[in-house]
Amino acid sequence: MNLGTLPLVDQAVLVLAAMALFSAFALLAQSRLLAAIHVFAWQGFLVAAVAALTGAASRDPHLYLSAAITLGLKVLLIPWMLHRLLRRLSLERQADPLAYPALTLLAAAAIVVFADWVAAPVAQFEHSATRNVIAISLAIVLLGLLMMVVRRQALAQVLGFMAMENGLFLAAVASTHGMPLVVELGVAFDVLVAMVLFGVFFLQIKDSIDSLDVDRLSQLSASIERDEITEQRP
Amino acid sequence: MIWLLLAVFTPLAGTLLLALIPRARMAGLANLALSALSLAGSLGLALRVLHRGSLHGHGFLVDPFNVYLVVLTAFVGLTTAVFSRPYMEHVHLAEKRVSPAGMRLYHSMYQGFLFTMLLALTTNNLGILWVAVEGATLATVLLVSLYRTPAAIEAAWKYFILCGVGIAQALFGTVALYFAAQHVLPPGANGLDWSTLYAIAPQLEPRVMVVAFAFLLVGYGTKVGLVPLHSWLPDAHSEGPTPMSAVLSGLLLNVALYAVIRMKMLTDAALAASRTPALAGHLLMGFGLLTFLTAVVSLHRRHDIKRLFSYSSIEHMGLMTFGFGVGGPLATFAALLHMLVHALTKSSIFVTVGHATHIARTQRIERIRGLIRTQPAVGWGLLLGVVAIAGFPPFGIFASEFLLLSATMASWPWLAPMLVLGLVIAFAGLFRNIQPMVFGTPPVDQQAVRANMLPVMLHLALVLSLGIVIPAVLSNWLGAATMLITGAALR
Amino acid sequence: MDRLLSLLLALLQPLALLAAAPLFTAVVGRFKARLQNRRGVPLKTPYRELRKWAAKEAVVARTASPLFRAAPYIVFASTLLAAAALPVWETASPGAHVADAIVLIGLLGLARFMLVLAGLDVGTPFGGMGASREMLVANFAEPALLLVVFTLAMTTHTTNIGAMAAATLHGAPVLRPSYMFALAALLMVAVAECGRIPVDNPSTHLELTMIHEGMVLEYSGRHLALMEWAAQLKLLLFAVLTVDLFLPWGLATRMSPTAWLLALPLLLVKLAGLALVLAVSETVLAKMRLFRVPGYLTLAFLLALLGLLSHVILESAP
């Protein structure tokens, strides 16, 4: 495929997808929670823009709606909720630096290569310009997964979870021009409920261990299989 | 259709209704009534399917494969509701571990969970299936942390994160599947409808389907409790309220496995002409065997009674996954039967365990002693349940395991000794823990509690009768499901 | 005729760069001053400073080895040679036939190596400190720069800078994600290589922060003049490299003085634009603490790597 022969809209989609990938890296490396939330909002915006542009290119009004849902949910509502939680838990200045930044970024780069390899057979059967975005979207999903593994802060893990959702949405847009509307609404509903539950959880975790460092939630893994166990109160 | 709506949407109405009922006692009764209504609906549905064949339309699909799971789900939902009423009242009023608001949440989400399970089983749309399975996580995650202890919160967090990660992979797989379908279907057709997909499955691009199935297996496999991703399961089972453990083990795992099997049917059809026609089956066999063996070893050296039985659940899920992976009519029939008897037995065991922990006031195995002297019904219930789950004749699990072993002997003889060895190790692991709990010397101040053993007796009686003779109705039913999954009739 | 013209060009281009280098530095300084509401120094100041140093006696420390005396000439010569390899207003530059992007990076590496040795040579603490910091920067910056070159080479199928520019000129204008990342990486690396804010501050001699100044602290007279001139040339060299690789529109593709007449003013405009960008970024950003520099350069490296990956994933046919 020659990039130069593509219409400008498709070129713009590729650029935006590449920027979304970069935002996934930025999210992974960003240690300050507040900044990470902003990066996440930008990622949502980029993904929504990809959906809207794809819709414009394929004259598919359904994609405009998907883009609008993403814009409302991932760019406005969820970052706002996270922001509010951050203030409520007074974590605005909290930083959660990576333990091994260089190693993590290398792993992230390896993940991108892996995603390309996995998505290659899928992309092979698509002839539209956006087929290569499938690999990018899979990479964003897996980078979100990596983020959930390497981060200790509960809020950062949630950002990783939400970034995975962004990647999945991008995958649906790039490969199949979005899922059927009823499924998309269902997924959006699930994401919203998950976010509310995460909020409840933050408060519970904060109450219980006075921190959002999930590593300290190690009672079960550490103690149960040893000997002590949580006693049931009589 | 009316029966279907009654079965599936009664719990949805119940979710809203029970969120509004402030009094726990009344909510418990309403919970019972709603579950009974849903069971009535599912029985009506089953009769309809039995007499007039599969029901298909309006986004729903009920065929012999899922209808028996629908009835099973509604049935276990009802019997667990019977058990949950006094149990949760005890937790709420006597132990004061749950606030009134917590009770409201519990009852509402109990129905919400049933709704997502029934929706996942009956929907024709694979996207909705995903939404429902994710919804099941969301409904149960707050119940796992209901007691608000640090351990419960950790368990719930782990459950949430791990299942969330897993289920995201399943969505990617679903997208890949949809993608494959769009290349075959004319524009405008709904490429996520299972019935549509199954009709065109042989034309789906094999290489895309391999990628899709890998992601779907990882995703739904997390929910099944397949081994590298199983660690949420013991935590969630041990820290949540016991009725929750019963429905998680008895229902959620089955539904996740159901999703995997539906995907396997598509993948098998798509790969039939490729160089690796049995790839999906081999993957299931590998993961199933790994899960089974890991869980079997983990059954030893447990200290928490609910964790013990959740590892037993993992073991049996591994066995079923293996059975479906072996494929062929006999193994599939065995796995389907195993799904049924395991769900019944395991939920009855968790009910008994709930009473046992109330008697001993702890979940620690070392401190639960002499149940049979303190309260014979609970002691016998636990003993019989474990005898059943360990696969002793004449219980139904023996029958299904025997069928599975013979199927394995026929097609993969060198794997059969591993299965037998695993079952023996599992048996030893269960009994070394159970024996002192049932027969040991009870502590001096141990007292009997108010227990409703009706669900346990009912379940065990069913499992027993299934072990002695499978009624013609059920065997026809399972035969039809086997026919559907493997495309070959049981000889 | 063409032979003669190209010989002329081969001499003219590096000499023009050499002559313009102090001016470019002065222009950046002037822009910066204006942005900060100052009048700034006159544009001829760098030339006067160079002349002043050249006229003065070069004082050399007693502990210095001959290497210390040779280093300024080697640094200057290799930087000038690198400049000769660069097409400035003409893509078919004669020097570019033998020297491509990798050679350019190698020549700059040689200059850096001599600079570091000279910094270590006298044995003063500041020289050693500057040298070690310079190597820290180089460790991250050089691979990133190479990755940028490789990313572009994957699209243009050459590492010859002139040919790269010509390839971009001849193709239709295309939005390339890989170019976007590579440009960002190149700018970040250039800032670090040339010792500008936020990595190094060329206008202070504060011992805690300096890198470049630390290494040349012992130099005086004509040695200092050569070192500073080489540093100024390096900055201009990176600016011209950026123009060649990413903004080649307007460069002459034919050997004709008339085409040069058109190309030169455009080049000046583009260079002025880059100077403005640099001035703005230096005004907006503060100098980083040294231990954050690896993070900055890792980001540059990551951007270059993403450029490479996005080329492979997004822009290549399977």
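Note that the chains take the letters A, B and C in the order they are written out, and that residue 1 is the start of every chain.
By definition in this document, a contact is a pair of C-beta atoms (placed from the backbone, for glycine too) under 8 Å apart; a residue touches a chain by one contact, two chains touch by 3 or more.
Every value quoted in this text rests on a predicted model; they were computed, and no experiment measured them.
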Looking across all chain pairs, point out the one with the most C-beta pairs in contact.
A-B
Chain of greatest Cα-centre distance to chain C:
B
Taking all protein C-alpha atoms shown, work out their mean, then name the chain whose own C-alpha mean is nearest to it.
A
Distance-wise, how many Å sit between the C-alpha centres of chain A and chain B, to the nearest whole number?
30
Quick one: chain B and chain C, Cα centre-to-centre, how many Å?
66
So how far apart, in whole Å, are chain A and chain C when each is placed at the average of its C-alpha atoms?
38
The positions of chain A in contact with two or more other chains are 124
How about chain C: which of its residues touch chain A in the complex?
171-172, 174-178, 180-181, 295, 298-299, 302-303, 305-306, 309-310, 312-315, 317-318
Provide the residue numbers of chain B that touch chain A in the complex, in ascending order.
95, 97, 125, 127-128, 130-131, 134-135, 138, 141-142, 145, 148-158, 160-161, 164-165, 168-169, 171-172, 174-176, 178-180, 182-183, 190-192, 205, 207-208, 210-211, 235, 238-239, 301, 303-304, 307, 357, 361-364
So, in the complex, the side of chain A touching chain B is made of residues 118-119, 121-122, 124-126, 138, 141, 144-145, 148, 154, 157, 161, 164-165, 168, 171-172, 175-176, 179-180, 182-183, 186-187, 189-190, 193-194, 197-198, 200-201, 204-205, 207-209, 214, 217-220, 224-225, 227, 229-234
Residues on chain A engaged by chain C in the complex (per definition of touch)
1-4, 8, 11-12, 14-15, 17-19, 21-22, 25, 29, 101-102, 105, 109, 112-113, 116, 120, 123-124, 132-133, 135-136, 139
